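See structure below.
Order as written gives the chain letters A, B, C, D and E; numbering starts at 1 within each chain.
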Amino acid sequence: MTTAPLLEARNLSVVRGGAEVLSIPDFTVAGNEVLSLIGPNGAGKSTLLLALARLLPLSAGEIRCRGESVMANRHLVPYRRRLAMVFQEPLLFDATVYDNVASGLKIRGLGRDELRRRVGEALELLQMTHLAERSARKLSGGEAQRTSLARAFAIRPELIFLDEPFSALDPPTRRTLTDDLERVLKATGTAAILATHDQMDALRLSDRMAVMHRGKILQSGPPVEVFNRPGTELVASLVGMENVLAGTVLDSREGLLTLALGEHRIAVPGRGAPGETVRFCIRPEHITLTSFDPAGGTSARNVLPATITAIAPMGIYQKLQIDCGFPLIVFLTQQSLGELHLAPQRTTFASFKATAVHLLRSGPDCHSTPKDD
Amino acid sequence: GSSAARAETRDLILATTTSTQDSGLLDELIPLFEKSSGYFVKTIAVGSGQAMAMGTKGEADVLLVHSPAAEEKFMAADSGVHRQLVMHNDFVIVGPPNDPAGIRGETSATAAFKKIAGAGALFLSRGDNSGTHAKEKGVWKATGLTPDGQSWYQQTGLGMGQTLNVAAEKKGYTLADRGTYLALQKTLGLEILVEGDPLLLNVYHVIEVNPGKWPKVNTPGARAFAAFMVAAPTQEIIRSFGVAKFGSPLFFPDAGKPEPSGK
Amino acid sequence: MDLIAEGIAKALALLTSFDPEVLGITLLSLKVSGTATLLSLLVGITSGTLLALAEFPGKRLLMSLVNTGMGLPPVVVGLFVTIFLWRNGPLGFLGILYTPTAMILAQGIIATPIVTGITLASVQNLPANLKLQILALGATRPQLVWILIKEARLPLLAGVMAGFGGVISEVGASIMVGGNIKGYSRVLTTATVMETSRGNFDVAIALSLILLLLCFVINYLLTRIQQRERPR
Amino acid sequence: MTTAPLLEARNLSVVRGGAEVLSIPDFTVAGNEVLSLIGPNGAGKSTLLLALARLLPLSAGEIRCRGESVMANRHLVPYRRRLAMVFQEPLLFDATVYDNVASGLKIRGLGRDELRRRVGEALELLQMTHLAERSARKLSGGEAQRTSLARAFAIRPELIFLDEPFSALDPPTRRTLTDDLERVLKATGTAAILATHDQMDALRLSDRMAVMHRGKILQSGPPVEVFNRPGTELVASLVGMENVLAGTVLDSREGLLTLALGEHRIAVPGRGAPGETVRFCIRPEHITLTSFDPAGGTSARNVLPATITAIAPMGIYQKLQIDCGFPLIVFLTQQSLGELHLAPQRTTFASFKATAVHLLRSGPDCHSTPKDD
Amino acid sequence: MDLIAEGIAKALALLTSFDPEVLGITLLSLKVSGTATLLSLLVGITSGTLLALAEFPGKRLLMSLVNTGMGLPPVVVGLFVTIFLWRNGPLGFLGILYTPTAMILAQGIIATPIVTGITLASVQNLPANLKLQILALGATRPQLVWILIKEARLPLLAGVMAGFGGVISEVGASIMVGGNIKGYSRVLTTATVMETSRGNFDVAIALSLILLLLCFVINYLLTRIQQRERPR
């Protein structure tokens, strides 16, 4: 890229409790890029976030922000004031919710009114206004996590680190919050690094995804890429099975998007501006194969002629790879396989309901993806 | 720094023994002196040993002490100048009423000490190099005995008042200055068993610390205080002090009299 | 026993009659020990927190020194301060020996390690990540220290009380460097000692009771603060 | 029920921070019953668990265990020793992982060998054996939560309280752990109360489900009931939309179960013993409606003739209620609705893939459900 | 200044020559203050924890009393203990006045509130739910107390050090109830005071240094424990 990336790390190595728990040769985050980290417990997600925020001593490596090193002590505070971090535990101060949310701004010496306004907004965003005067020790688990989120959002950072920020939230809050987060990040052009165990969140929110394991980044790239072309068996097992696709909006009517996908047209519930690229995913178990074209006679809006490229048993399912101009993975039962006489090279019709499609975060997907490992 | 010096000369450090403070005598005299002379007296009441040591180090301006032997050494080392006799009271040998060593009525201190040693009756020594302690050692010397290390001979290393308390508690004998004894009498339950032996005189001298040795010493102040102590009106006050409270005086003025040859 | 009764009676008498001397002595005690404690707080809390945060070889040794300081014998402090303040001592030029200032100095020296030690322990006892969270919020070192202190205020107040209690009740140093000069450097403890050795036990007890009362009132106020701030 | 229930609470009321945060007139848990609590943040789930474990002062109410009151102080310890509780935060002791897991057993004064064995097993179960000697302060978020789970399992309680126990776990661990939990609970006949935000977990694990809101239990009963017949709008909005069905196993072959559902046969991937009742759910967006019977020509194994009973717009979808002998909810796009000319009373064919079906916890579902609110 | 040098020399001399008297005095200091501290730990830690857990009206008042106790003036304690132990005092029949036993008693009275107060604060400062977690594990009250103490061991050890330091360094009480009797109830502090009043400043300094050394060694050991246990 032409300008220096927002965040850049080289030969990062962190030793904790005697063992090297992080070793990352090369890591970059572009301005207003949203990067998600996934990986099993103990993979090093939190450690990486702490290291990038310069909150852990590095046993080796260098970190640069907009091209300038942030290794020297005198750089730490200015650097950290450009970020916000939501830790895995809420780590609230022994004060009221309001004071907790205000703390980051107080530290930055914000004026009273501006401070009050921003805290107000943050509380608003997390639907906690009614709890403002509550002592932080008297919150429910989810309320505590929201407070910690509000504290970070109030700062309006250039770059925000989120460590499993939604794990304690109830589904509705979680849903609205991911929407809001997506909106806010986009609107303010804030970059974010999100460590999460929820692949849907990762898919929805991130432009890029890094799969971690044992302190290393195994693969990193656009979610589409990571999900459909897992570099290794390990990655495949870590990311699970999804058909993640990207298409261009042709038309948006009555909550239904028509997308161009190769030479095919696909209907997906959702809204969008013609011309923009959107990403969506459909689980292999929700794609139906028929030996004929059900066409108008079905509520499955999307019917695509396809050729079977490979068949392999997978647990209780049979896993088929089919090609409709783009690759798709389909799960069938042994029985269906038999009845439909499906075999490699055979042609078939793949259909899936518009409603079965998860629309993911829209927005450019194929920006340059720096090599990360 | 003359200004500093001048500022300092208003302060006068008097190192004296606890007995003079505990008896309350100084509380009477010091204010008078301060009013008349305009000096501010810092009375540091400590054991004679410490008082003398402060003098030797030039950390006091004037001493009011009562251990002649040490005082003479002090003068000999010309740490002090103008040693003047101020007053005396006397020491008494006190002990439990039942008087296990049977010294009651003895007129000679040495004889009494011999009896105590003979009977191996508990004797409590201050053992703090105070005037009293010095006097006690003198008496033992005169008896030719060496009580140190004897099971019946215990050193408290405490002030007079404290030592009297211990003696009372442990039903032991001890040598005390009359003033302190009278002050504590009511709570003690110890009785005066031997008194009046000239050997038991307790003589107080005022000594000015030698400015030749320690330039920082406040000589005029020291001189003024010495003069005040031996002045007639002061001597009057000393004579009458304590009569009201204890029926008998605690100190007997001696200004101008010849050095008592007691010892 | 009746002595104690007498003492209480005496105490009431002295208090109700607002005996000017006793009043003066009490106020001086407050002034000297209060000032000393405040100084020790400034030094102790900051240095304690910094020590808790810093990582350096010999840290453990330094900590033991601090903890040793928690038991600094007043007499020893008194002795050394005296020797330093002597006219002919290294700090003699100050000419503050046998003044309340000297007492404040000595008591400050006694209280500081206590405050430092307790601060050290309290701050170390906060959750490890809390420090990171504060830094992540962009705190400068002073801000970090200040926030950590606020978070540890509960045991810290205990530290304050320990420090204050330690100095207002000590006698060894005060008597040596202050000289127990009537109406000038005489405080409750030195007066108590003197009255005891004078055999005026009732007065001594009375003074002790006044001292205790004083401590109690102050601690009660501090405890109120401490408990008002109680998280739960 | 004939015998006294394992746990019974009457007129429970808890006041926290001045406000009544819990008020439950009547609450019962049967022996080896698994009850799940769902509800928004601050609903009172954690509070209820604490209250039931007698860890919070009740401002009113009584709790009985096997018919005997556990209100008196002298009953507390014996009662609590029959339970284990996993808190929302790990709350580990400042000791090694091993000592943490052992703590509950030490408290019960277990013998050395027995203790070592049980701790070993618990660590095994949570795949933490390699971390046994690690200081609990040096664990990743998920590792800490596992430790706290192991500590509870090691106790082998009669009744276990789980407060969002999986929130910090990575998906694979989470999956295996829910399986194990399900197995363990069943095998040992342990009763459990599970507070969770994950409806799938709730559905999979629980015999009964209670929906909480503002300190009250709005509805409680078999998940099927709660999901398909939400008593109120509020409940409906809280439980989300699922078709939860129960059927009897007719036949199990090659990983495919054939179930009797009313007069219909349904194929579901999974294993089971003929005769047993199993529960499964299928999301409305995954049911396809066709105007003809695609029968053999499709890989959708389940095709059911149905009558449309109601149509209502729902967000970007149309929500259809259809009747195939049992009620089903189907989501379609406006477009499909039009093209298929669907309207109330019309007949149609509902088809869904076997692979699209989530098999839930098997086991009796229709036991007596005590009224809870 | 040279005095201090002399003092150090003297101290070395006394230590290297294993002067039997100094040795005896040192050991007695250790024995008396050690025993007193142990007693205060038994009483203080348990009562402190219980007080932290219990909820009752007047709790705050009691806490202030404890905190006041943290500053219990040794002289006052000495005075009261003396009066109680007097031959014709209420406890006179014990006949332990002017014995090391009496000193242990007095020092125990001084140390207990310190330990209690610091325990109180430390335990209160633990996460609120930790108590619930422990109870949920089926802990009896004693088990609860014990586990909480273990969790708060870090500041508690500071408490121990404060308590021990407080008593081994106090002089007022020891002199009053012990009587500083040579070879019997003379400890380092009382000896220091006496040597000072004798004007033997060098010996006084030497004794102080020995006392400080003693405290340091003990604190160093305790700190090692404390820090070995450091969670991070």
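General observations
Just so we're on the same page, a residue touches a chain if its C-beta (ideal position, glycine included) is under 8 Å from a C-beta of that chain, and two chains touch if they have at least 3 such contacts.
As the structure is a prediction and not an experimental result, all values here were calculated from the model.
Shared contact partners of subunit B and subunit D, listed by label, are E. Among the remaining chains, B is positioned farthest from subunit A, on the basis of C-alpha centroids.
Spacing of subunit C relative to subunit E, judged by their CA centroids, is 17 angstrom. In this assembly, the C-alpha centroid of subunit B lies 35 Å from the C-alpha centroid of subunit C. If you average the Cα atoms of subunit A and of subunit C, the two centres end up 56 Å apart.
Each chain gets one centre point, the mean of its Cα atoms, and the points for subunit A and subunit E are 59 Å apart.
Among the residues of subunit A, those in touch with two or more other chains are 89, 135, 137-138. Counting partner chains per residue, subunit C has residues 3, 128, 196, 201, 231-232 touching two or more of them.
Those residues of subunit B in touch with two or more other chains are numbered 159, 162.
Every pair of chains meeting the touch criterion is listed here: A-C, A-D, B-C, B-E, C-E, D-E.
Within the complex formed with subunit B, the residues of subunit E that make contact are 82, 86-87, 97-98, 175-176, 179-182, 184, 186, 190-191, 194, 196-201. Across the complex, subunit D is touched by residues 16-17, 39-43, 46, 88-89, 134-135, 138, 140-143, 146, 163-164, 167-174, 197, 199, 237-238, 240, 254-256, 267, 269-270, 284-286, 288-292, 294, 296-301, 315-317, 331-337, 339-340, 351, 353-356 of subunit A.
Taken together, the subunit B residues at the contact with subunit C in this complex read 4, 7-8, 13, 18, 21-22, 24, 27, 30, 40, 42-45, 57-59, 159-162, 183-184, 186-187, 214, 216.
Against subunit A, the residues of subunit C that register as touching in their complex are 127, 129-130, 132-133, 135-140, 143, 147, 150-151, 229, 231-232. Note for the complex: subunit E touches subunit C at residues 1, 3-4, 60-61, 63-65, 67-68, 70-76, 79-80, 83-84, 89-90, 114, 117-118, 120-122, 124-125, 128, 152, 154-155, 157-158, 161-162, 164-166, 168-172, 176, 189, 192-193, 196, 201, 204-205, 208, 211-212, 215-216, 219-220, 222-224, 226-227, 230-232.
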